[in-house]
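Handing you this structure, nothing more for now.
For reference, chains read A, B, C and D in written order, and residue numbers begin at 1 within each chain.
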Amino acid sequence: MRLFACPCCAPFSNRQMLAPADAGRSALKRHKSGGKVSPRILDDLVAANRILATEGVVDGYGHVSMRHPDAPDRYFIARSIAPALVTRKDIVEMTLDSEAVDPNAPGSYLERYIHGEIYKARPDVTSVVHSHSPTVIPFANAKTPLRAMMHVAGFLAGRVPVFDIKDKFGPTNMLVSNRDQGAALAEVLSDRPVALMRGHGNVVTGDSVKLAVFRAVYTEVNARMQLASRDLDGPVIFIDEAEGRKCDEMIAATCERPWGLWKQKVGMK
Amino acid sequence: MRLFACPCCAPFSNRQMLAPADAGRSALKRHKSGGKVSPRILDDLVAANRILATEGVVDGYGHVSMRHPDAPDRYFIARSIAPALVTRKDIVEMTLDSEAVDPNAPGSYLERYIHGEIYKARPDVTSVVHSHSPTVIPFANAKTPLRAMMHVAGFLAGRVPVFDIKDKFGPTNMLVSNRDQGAALAEVLSDRPVALMRGHGNVVTGDSVKLAVFRAVYTEVNARMQLASRDLDGPVIFIDEAEGRKCDEMIAATCERPWGLWKQKVGMK
Amino acid sequence: MRLFACPCCAPFSNRQMLAPADAGRSALKRHKSGGKVSPRILDDLVAANRILATEGVVDGYGHVSMRHPDAPDRYFIARSIAPALVTRKDIVEMTLDSEAVDPNAPGSYLERYIHGEIYKARPDVTSVVHSHSPTVIPFANAKTPLRAMMHVAGFLAGRVPVFDIKDKFGPTNMLVSNRDQGAALAEVLSDRPVALMRGHGNVVTGDSVKLAVFRAVYTEVNARMQLASRDLDGPVIFIDEAEGRKCDEMIAATCERPWGLWKQKVGMK
Amino acid sequence: MRLFACPCCAPFSNRQMLAPADAGRSALKRHKSGGKVSPRILDDLVAANRILATEGVVDGYGHVSMRHPDAPDRYFIARSIAPALVTRKDIVEMTLDSEAVDPNAPGSYLERYIHGEIYKARPDVTSVVHSHSPTVIPFANAKTPLRAMMHVAGFLAGRVPVFDIKDKFGPTNMLVSNRDQGAALAEVLSDRPVALMRGHGNVVTGDSVKLAVFRAVYTEVNARMQLASRDLDGPVIFIDEAEGRKCDEMIAATCERPWGLWKQKVGMK
């Protein structure tokens, strides 16, 4: 039956995700909402989805979430569609256990546990991007650590950890598809802004949707630059940790400038 | 005479493909059709053509076919035009010997034997893509095997065979332009989803048009990632066969999500 | 004075190219035209200009010419503007000495001698493309010969000569800006379809505008593929000369298919 | 307070940049303007901003300035917005100390000192581009000097110096954010047209806006070509200094041709 063959993409409700035996029992409970948020705030999340697509960070896959501004134990994420197609009405509110607040909400991504578990482990994080950012994956699979090539990627100075789901869970379909796997990823992420995921992609965090998107874009841009530097004579000088801290402070504050441009490119003002 | 100089591209009818001596004899016979199929189903094949162009898998060359849903001994493929330009009326029905069911149908690709012979050898296959996917060709010509860099390319875990037409047919124009050559390619493909073709391109299969397109796109994406990984310190860790099987199952079921996006990008709903 | 500082780009007439002392003497003579050609034929040259831009072979620089279909001692080329902007009224008729037939015609490219001298040396050639095709220049400067990676670039099998203007003319501005330099380039090109130009670009020929454009596009595409293959384990197997001859025959006849697509992309039918 | 956390991007006036204690004192003085310039001249600067974005030299960051045509001690630069979004009304007039002539003008880039200090040190320069041009940064961080691959990048023949802000200023956020840092960059630039900036980007100069833009574009294009050449067998032959001088003369005079194309691409005539 298609529905169960494809739990992570078909447009189904949370109710439908129940096993047939459970479906009649209304097992999914309604959770308390964190409260209404202004359309303007949700529009940042909509813009984030589209920008990540336009800037080449996500393709048909990938997702971005935002912690509820008034309820730290809730977050928003789109139902299971391609980021480029997300509109405001596709946004679903989740608990940190990654259950939809509304049991009749359309189903979200199977990998939403990435978001919920990082929000649990990292009170400082208010937005999470997960992508298969194409130039970052080679770094996730190889031994060369991703390092900061320029000031706008200063957040990469210091350690960029790599999560290999096989270490704890053996051979899987590579998806972070339950709370335990999400928690293991959050543990590897630790207090860093970015973690790579072997054979899969990466996860990027920030204290605002804009900053998380910014970092996701420049993680990809930086990977391209570092890859190019591998063909040149070294040693290559990277942004060091002292510089990185100063860059990150400065850049965290300037992300409005590219954000304004990116929003225009996706047709939002 | 232009017609015979260019059997594979000019807009000619099958009748015209006859040698002059045969032309008057109406040698081409009408084959039994597998029956009408709904426009909706054919539209998937139209979309597939255009998506492969938009996603950079095909350029002016390349083709995609679909087995007849009700008649496994028939398949559909476009007449000989660039994939980006295909519309529903360009679709031609073929026997598995790659003869047009309607002898007056416009001529299709000279290389249609790729499709017919794979359908004969592989009852599990319902769609075939042939392309000159640009980053895959270097792997077809070199000794580095193509390997799965990420879960969505899990179908590449395990062996990706390489077909060299010279092995069996000596120096040729590299085209798979008759049944014997098509059968030789199908033999090298064996039970795998993808085979590379030395000095030429690759062939990708699936049990649906959507899945074949998905795999064709991610074969190219994966090749770019693997190429990048060659500039990094190894060893590079690939998706292994156990993971690949699980990924392939999961991903085969999720290809609706990028398909929805890709269809929008080519202006189809 | 700007006019003489910039003989190759400003919109000036041939008359203006005369030194001031000569300007009053009407020194430029009117040459006999090869005769009117149909707009449809000239439109192929217009399309060629735009296609080369769209396909990434030329940028603001580069040019393509066509031998007069009825007068082998005349050729057509645009006045000195960026190829993407060429329209039918920008086309100028030239003698093989690269003088405008009409002394009042707008000035063409300083490097038009590339075209005239190749037409003199190569009666088989009816179209010439000169570009700074970006991935081909590294091959022009390095020692790795450009070789055919796939059937559609079969014309590159065999030798691809490299012209270094310094060999005969010492340090210059690298432009082929007179008949002697054009003849030296034609000599290096010899009977080959393509020659690279060190520190500059390349020149591609064909027996039709369509074929010359086709070869220019696939020279660039092939260079990208060969470059990629350098990161893989060798030996890389190229299309050999026997295959190349067969490919070139076959492909020369199929270039209508991508041409139809490319023309649509530049808005011409 | 956001305003002071983000001095380089938020849309604030120069007055607002004062420390709170100074804000009431109207400490910023009005400077004498260099006089009105025609909209046509300012439009070159507007076009330059947009072209640099379209051609991939700048993204959300980067800036281009123009010396006042009638007052060598004044220059024009946009207020602090992404180059792609600049219109004529965003242009601000600056002293060479990089203070806005009008104290109520909207604030410009924190890094405007790059421009002011180069104009002071280099009377021959009338336009400056600063960018994070993506393929140039690897050269700024590695040991391989950037060298001229082709005639249109002849301005790179000879030495391309690299500025490392750490040499003189220790660990910073990498921004050139005061006059001393700008002067140090200008000193490293010396009499060259281009300097790279380690971990940051590059600065390109010219004696016209068109030439500075031209050089910025081809610095990026050249970096891509040189990077590609690293995968080929050497030795790679670069444009030497004698050739470079001749190329630079010739090309400086031809930059109208690509400029015309680039302007069309950004919708300006």
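We take it that contacts are C-beta pairs under 8 Å (C-beta built on N, C-alpha and C of every residue); 3 or more make two chains touch, one makes a residue touch a chain.
This one's a predicted model, so the numbers in the text were calculated from it and none came from an experiment.
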Labels of chains that are neighbours to chain A and to chain B: none
Interface residue identity across copies chain B, chain C - same or different by half: different
Distance from the mean Cα position of chain C to that of chain A, given in whole angstrom: 48
Centre-of-Cα separation between chain D and chain A, whole angstrom: 34
Sequence positions of chain B contacting 2 or more other chains: 231
Arrangement of touching chains [line / ring / star / complete / other]: ring
Residue ranges of chain C touching chain D (in the complex, touch as defined): 2, 5-6, 8-10, 59-61, 80-82, 84-85, 132, 134-135, 137-139, 141-144, 164, 166, 171-175, 198-201, 227, 230-231
Chain B to chain A touching residues, read off their complex: 148-152, 154, 221, 224-226, 228-229, 231-240, 242-243, 246-247, 249-251, 253-262, 264
